[in-house]
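If you scroll down you'll find the structure; I have some questions about it.
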Amino acid sequence: VIPRWLQWLLAPAAGRGQGEHATTDRPEASIHELCSTLLAGDGEASAIVISSEILRRYRRMTAEHKADFFELLQQDFSPDPAAIERAAKAYLNSHSSSDLLRLSQAVEAPRQELLRRLNLAPRSTPVLVAMRSDLLRLLKQRPHLFAVEADFKHLLSSWFNRGFLSLRRIDWNTPAHILEKLINYESVHEIRGWDDLRRRLAEDRRCFAFFHPAMPDEPLIFVEVALVKDIPARVQPLLDSRAALMPLKEADTAVFYSINNTQLGLRGVSFGNFLIKQVMEELQIECPWIRHYVTLSPMPLFAETLRAALVGQHAGLMPAQIDALLADWESELRARSGQRAAGQALLTLLDLARPGDLALLTEAIVPVALAYLTLRQDRTHVTDPVASFHLCNGARLFRINPFADASAEHRNSAFGCMVNYLYEPDQLEIHHEAFVSGNTIALSPALEKLHARHRAILPPG
Amino acid sequence: VIPRWLQWLLAPAAGRGQGEHATTDRPEASIHELCSTLLAGDGEASAIVISSEILRRYRRMTAEHKADFFELLQQDFSPDPAAIERAAKAYLNSHSSSDLLRLSQAVEAPRQELLRRLNLAPRSTPVLVAMRSDLLRLLKQRPHLFAVEADFKHLLSSWFNRGFLSLRRIDWNTPAHILEKLINYESVHEIRGWDDLRRRLAEDRRCFAFFHPAMPDEPLIFVEVALVKDIPARVQPLLDSRAALMPLKEADTAVFYSINNTQLGLRGVSFGNFLIKQVMEELQIECPWIRHYVTLSPMPLFAETLRAALVGQHAGLMPAQIDALLADWESELRARSGQRAAGQALLTLLDLARPGDLALLTEAIVPVALAYLTLRQDRTHVTDPVASFHLCNGARLFRINPFADASAEHRNSAFGCMVNYLYEPDQLEIHHEAFVSGNTIALSPALEKLHARHRAILPPG
Amino acid sequence: VIPRWLQWLLAPAAGRGQGEHATTDRPEASIHELCSTLLAGDGEASAIVISSEILRRYRRMTAEHKADFFELLQQDFSPDPAAIERAAKAYLNSHSSSDLLRLSQAVEAPRQELLRRLNLAPRSTPVLVAMRSDLLRLLKQRPHLFAVEADFKHLLSSWFNRGFLSLRRIDWNTPAHILEKLINYESVHEIRGWDDLRRRLAEDRRCFAFFHPAMPDEPLIFVEVALVKDIPARVQPLLDSRAALMPLKEADTAVFYSINNTQLGLRGVSFGNFLIKQVMEELQIECPWIRHYVTLSPMPLFAETLRAALVGQHAGLMPAQIDALLADWESELRARSGQRAAGQALLTLLDLARPGDLALLTEAIVPVALAYLTLRQDRTHVTDPVASFHLCNGARLFRINPFADASAEHRNSAFGCMVNYLYEPDQLEIHHEAFVSGNTIALSPALEKLHARHRAILPPG
Amino acid sequence: VIPRWLQWLLAPAAGRGQGEHATTDRPEASIHELCSTLLAGDGEASAIVISSEILRRYRRMTAEHKADFFELLQQDFSPDPAAIERAAKAYLNSHSSSDLLRLSQAVEAPRQELLRRLNLAPRSTPVLVAMRSDLLRLLKQRPHLFAVEADFKHLLSSWFNRGFLSLRRIDWNTPAHILEKLINYESVHEIRGWDDLRRRLAEDRRCFAFFHPAMPDEPLIFVEVALVKDIPARVQPLLDSRAALMPLKEADTAVFYSINNTQLGLRGVSFGNFLIKQVMEELQIECPWIRHYVTLSPMPLFAETLRAALVGQHAGLMPAQIDALLADWESELRARSGQRAAGQALLTLLDLARPGDLALLTEAIVPVALAYLTLRQDRTHVTDPVASFHLCNGARLFRINPFADASAEHRNSAFGCMVNYLYEPDQLEIHHEAFVSGNTIALSPALEKLHARHRAILPPG
């Protein structure tokens, strides 16, 4: 017989909850029952109704109930250990392909199929992305849910495959509800209202985003580009909403000055590299006279790393190394700050930031920043996450710009330093290969010279 | 260093193959090298170039080379047995979640990730669907490739999830290149050219299809609906391209007279049930006065099964049972055919099909057809695949129509018999549950009566 | 031979103005020459080039040169008096159809055909609309250009025929560049930035506009609608950008609170009546539970007319009549204001606007406002232009709301008074006929009672 | 009071025609009443209802009733002679601008405004175009309706201004209902079904059409283009639906082989010249390697004119001239045909068309055809209408191709002769000017030579 709660679900809306009697007669199914039924089914059409109902309830849950829901996925929709054991033993015995297939079916958590079925109804995908976002936030308190999270990530990686994404230009003709999302999502350089946004979408600016067909109103990642003359050393002129328009034909440089992933729920499902590459291709067609493709990027962990290094708490960089890098300005730094160690002296001066010190600081900070930016973590990563991203993409570390960003936030995280990474279309693969194969980081001639000078001190980059 | 073949790929088109020297210098990479590089990469942008190149080559391959390609996927991109062994043993020891995660990663064939990366470039999905279609055809000769096929199916099931599909109405405003595909794909009742098609899309007809965003020009499955008066017993009037238009308001019945899956490469990735349910919803909104939703369906294995049963080669149905079902007409059948056994007599008459025998045959064939249609295979299947589909959807077996289709093809497969399955919106779930829970098949009162009469003889339905 | 200036026009862009020689060789055609050539042509394809060139030049002209251009149209592209004389005499003689056709061709100014040809190139129509807008502004200084203006109006009336317009809903999904135009064009109740706009496009608001296919980015006229509970007596709650959302199902009234024509160049080419009627139809479909369609409208000439009347300078309303209308509150008004005549006393109090006087003023002002609103000008007009528009559309004068608008602008023009006009779908034609046939103005029962009481004093309405 | 018939119109649909009483009470308005009311109105919203009703009735009228309707427009909606007389006399007296405006208003037939108002409802424009088409057919029997026709033409010329049209490419992605219209409308070279159409829309073919926003499903005029190698001398290879595809890069010639106006109701509202020019521009962008833009055009009146000339009934061409043109082949022609006069001999041979005569005929017919093609009618016209169109567009008469079209129809009208007109982008204006200024027709060198030889005989071309 058809279960009571499904009767309830399938009953005409008018009949639901009418009077006390009705309610008693048709108790609502628990979320557990709903999930079990959805998973037990054979793809029958009612699955859409059930999956919609589960998602509808999820959206109304408190944080606490959501946590319960993830615990449910962990406890009741994990693979069956006994079945795995049987299958593993059978495979270890036979090493046959069919036993392997059985084993691989045994280890796949039933919640994977459950999540796929939760996507049956239209407009479900955004809810599943939001679910993973909730789960990622929860993971710090409940690390034992990592296997549930792994299943979410596996599924979303498959669904948000690059081949399903489409690149769209965002400009002043774009519907307002999407533009509004740019304002909300921009986290590198805050958009201060609609006038600011309009300047960022003017004729000498470009903005592109990736969209997925199941989330047509959600830019998944977007990049903001300024078309300017010369590679910029400071960010505020790019952000000035009252700056005069640059005639397009006079621009020779495209600056990627802000890249934003918008969906926490898609963390680790990466498409930033594809975005930059494809936007470069679009621009090469539209403005073939552009000569440089370059970023103006933050160094998010610079200040933190430097402070840690100076007290000897950073493995890759030691107080002595920093002092050595600062040898040329040592006496000067000491004199002005009253500190004995050059590294501490630099830090003190940076924190105080007197105008009179600017020239000195500008010169002194570059070798330290270069040391930081080339600090390796592993084969494909350096310490700075932004540097990792661009270097892995095949970009060249082109220039370090002290005092490039006057905003409080970036002064705090990197003493206002910003970096230009240069994207040279025909060098990207070579630099990428060189970077991931282990040692070489592509530098501009100026930085190469600096690096050569300090080779003995600097970590291998 | 960057490998030679990739240099070749990344070289400007102009430089490729220029002179003998160039060719010698830059040997083309093998498909194996390409696949290995694609899989080894870290999601860098060149992956798009490589995946496009692999697909471009695949499309030009001969059948033989395609077979080699699938063998390659089997031999070199299967999971590593040693790694599985290690992971299996570790899990058997610890039963820990992290060892389980490791085991599940070890058993996943690397070709799954390879296939996901082959989808990086736009317009790749149709090629991957075509690949599976090639592979399915090949499987008969090379059954050992079943694990490769399983990976394709797993991936496509995830990508072609119902939530990503959109329903579109097909009519005379639809672009010609899509309409042409209907002509090519229709396999139940052939569309004989554009005039025939036009009649099938006229005001008293409906056609709906599911589309996937990555294959916007390909109807994945489509259903043709005729809006008529009364539940039809014959198909030719529905297919008559010169039939007069039925005023929409006079129609009381929507007949689903043809459902076609168009992509062999999506076999087993089922959405037919969703299609029928959603089309019913569309029609309920557009034509709320329609009272019956019904099919006029073929019985593809009826003749074959009956012949096999009469020589005792069908497990579910025996010569004696058939003779018993025909007891009422036994003498008559014998007299006309000269055969001694009633079953053989029926078959002889059906093959000869003289007009004078029609009335007799019409009555005699129904109980045999009912026996056939209700022959169970397992919990969710009866012998007839079309019956399985509709009964599992929750439809009711409404009427068996002898001589419903005069076409040579259907006369051959089912002596021209066709079946009406009735879709009653508020009964679908109940019938579905009853069917998949094991025993009950929903019948119309008339068939119920017939069934009751023969209950002792008929298989349990 | 092909004229020199056309050679210039048709020369490849690269060849234009290259060196002094080129310039001397190919003098630019005058705008007069261009217009003459365009008009003389036979519809050849170069006409598009010439018309584009004329419009390109027009857009760059100073106000003075534009005036010259209109003078040119007046002097050189008016009908030929001699030809008219000949044709008129011939017709007066013969009264034949063919002489009539000739006469009608003779009186049509050649500039009409010129204007039609100026529309040959894509994107010309907006320029022609802007031309008329320039011309209308110029007409005060140069009234002799009225015949040129009449030709513009004649042509634009034909092109902007209702049948060519399409109604589009404007909401938060609309492209930003169109939304921005709403902000710029709204002149009844200023839109104070994007947050204000967003509130006006929220779920309990509606906005609709007419568009013409040749100006797809320009809303020609738009109406803003608030869905509320009860017919509103004050406008500020409707404009409050922080007002809570009204659940749609609780609304019983649709308030048309702002209607804006956006194109001065289309003055007198009216479609406001069609807009309101069609928006009502849309709302009746979307929200069939809405019971009242009503405006909250300004009285733009009320204060001005009242002041004029009190000094005896308004033909329809005299100081004595106003005093008579105020008889009930006469002593009270005198006491508070120190004025002897009731009318002057009212005015003084209105200008001072002390809170303590509100109750008195509220009651006193209504009969005066009613007298003003029902002051006839001619068959289809009353004195108040907004009242004319709504009454001619068939709306009912429903309620006069004193102190309905606290904004400085409307306090100035109407002491803050606003009017509800009620649109009753099945009464519109009857009221329209009654209004344009001469005498009756449809009033609500309350206003009808007030009117009856003052019938002897009030002008016939 | 609101008139009875309008009450009828405005009554809810349910109330119409209910019982005999209702019918008696609410007699239907006559078409005359409806037109008068529509014209008398002040643009009130009910005008849309009335105009829709008029058009609805028109569509159901018999040919006879339609004729009555046009007579009505002639008799009751023509200008008032008395008013014209008054205005004409006033103007003759004063010659003032305002009297001129009044006169021009007096001579404009009220039916012009009526027609504009008939366009108020959506989807009215196609009906008005169809009206003019009916009227044009009727004009032969009722020439006195010419003034009504002139008003239709005036209005449609204004509405179907080039600036409102959009060019769209037609290909296999175009909706079927539009493609079907191509099949129906093609009258130069019949499209024989969908397979033929598909070949005409294949990759080495192009088809473009103009559309008007008020008739989005109706191609107003379309041109078919074949991309081929070399300027073609025969049409059948272009029309062969089984011809192999030409690789686009190998094509050097774009052949405009069929141009069709589709709407009789837009006769004289010309846009063919704009279409060819714009299609050339599209092709220059898409296929910049194309070197020749050329037609392969019929000579619709050639046979008819030649026959008339030979009996001396054609003013421009006389038997003696024809004989002189044929002097070179005179004896040969006589010998084979048995006719004495060369012209008659040619005609006889053409009608018999024996294969053995082909070479002779091919040479002999060209000078005669050239004489025919260059026969002037007036400043902008030659005798052949197709030649008039292309020469006036500025094309060059490039080559005369005997036996270019083997179809019965074109053999009949022009003995199978076809003409190439060459469109040279930078010569079009020069040739156009030369043509319309009077005498010169641009010829290819070969035809120029032939023309020079026969200058004494040929008419001035």
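Every chain is named by a letter (A, B, C and D) in the order it is written, and numbering of its residues begins at 1.
We adopt the following convention: a contact is a pair of C-beta atoms (placed from the backbone, for glycine too) under 8 Å apart; a residue touches a chain by one contact, two chains touch by 3 or more.
Not measured: the values here are computed from a predicted model.
Colleague: Would you identify the chain whose Cα-based centre sits farthest away from the centre of chain C?
Modeller: It is B whose centre lies farthest from that of chain C.
Colleague: As a quick test, compute the distance in whole Å between the mean CA positions of chain A and chain C.
Modeller: From the centre of chain A to the centre of chain C is 52 Å.
Colleague: Can you work out the whole-Å distance between the CA centroids of chain A and chain B?
Modeller: Distance between chain centres: 41 Å.
Colleague: With centres defined as the mean C-alpha position, give me the chain A-chain D separation in Å.
Modeller: Distance between chain centres, rounded to whole Å: 62 Å.
Colleague: Mind pulling the chain B residues that touch 2 or more other chains?
Modeller: none
Colleague: What is the shape of the graph in which nodes denote protein chains and edges denote touching chain pairs (line, ring, star, complete, other)?
Modeller: Shape of the chain contacts: a ring, since each chain touches exactly two and the loop closes.
Colleague: For this structure, enumerate the chain pairs that meet the touch criterion.
Modeller: Here the touching pairs of chains are A-B, A-C, B-D, C-D.
Colleague: Using the touch rule from the top, collect the residues of chain D that touch chain B in their complex.
Modeller: 172-177, 179-180, 193-194, 198
Colleague: If you look only at chain B, which of its residues touch chain A in the complex?
Modeller: It is residues 1-2, 6, 10, 12, 42-46, 48, 79, 81, 84-85, 88-89, 91-92, 95, 97-98, 100-101, 103-104, 107-108, 116, 119-125, 144, 146-147, 150, 155, 157-159, 161-164, 213-214, 270, 273-274, 276-277, 380, 392-394, 426, 428-430, 432-433, 436-437 of chain B that touch chain A.
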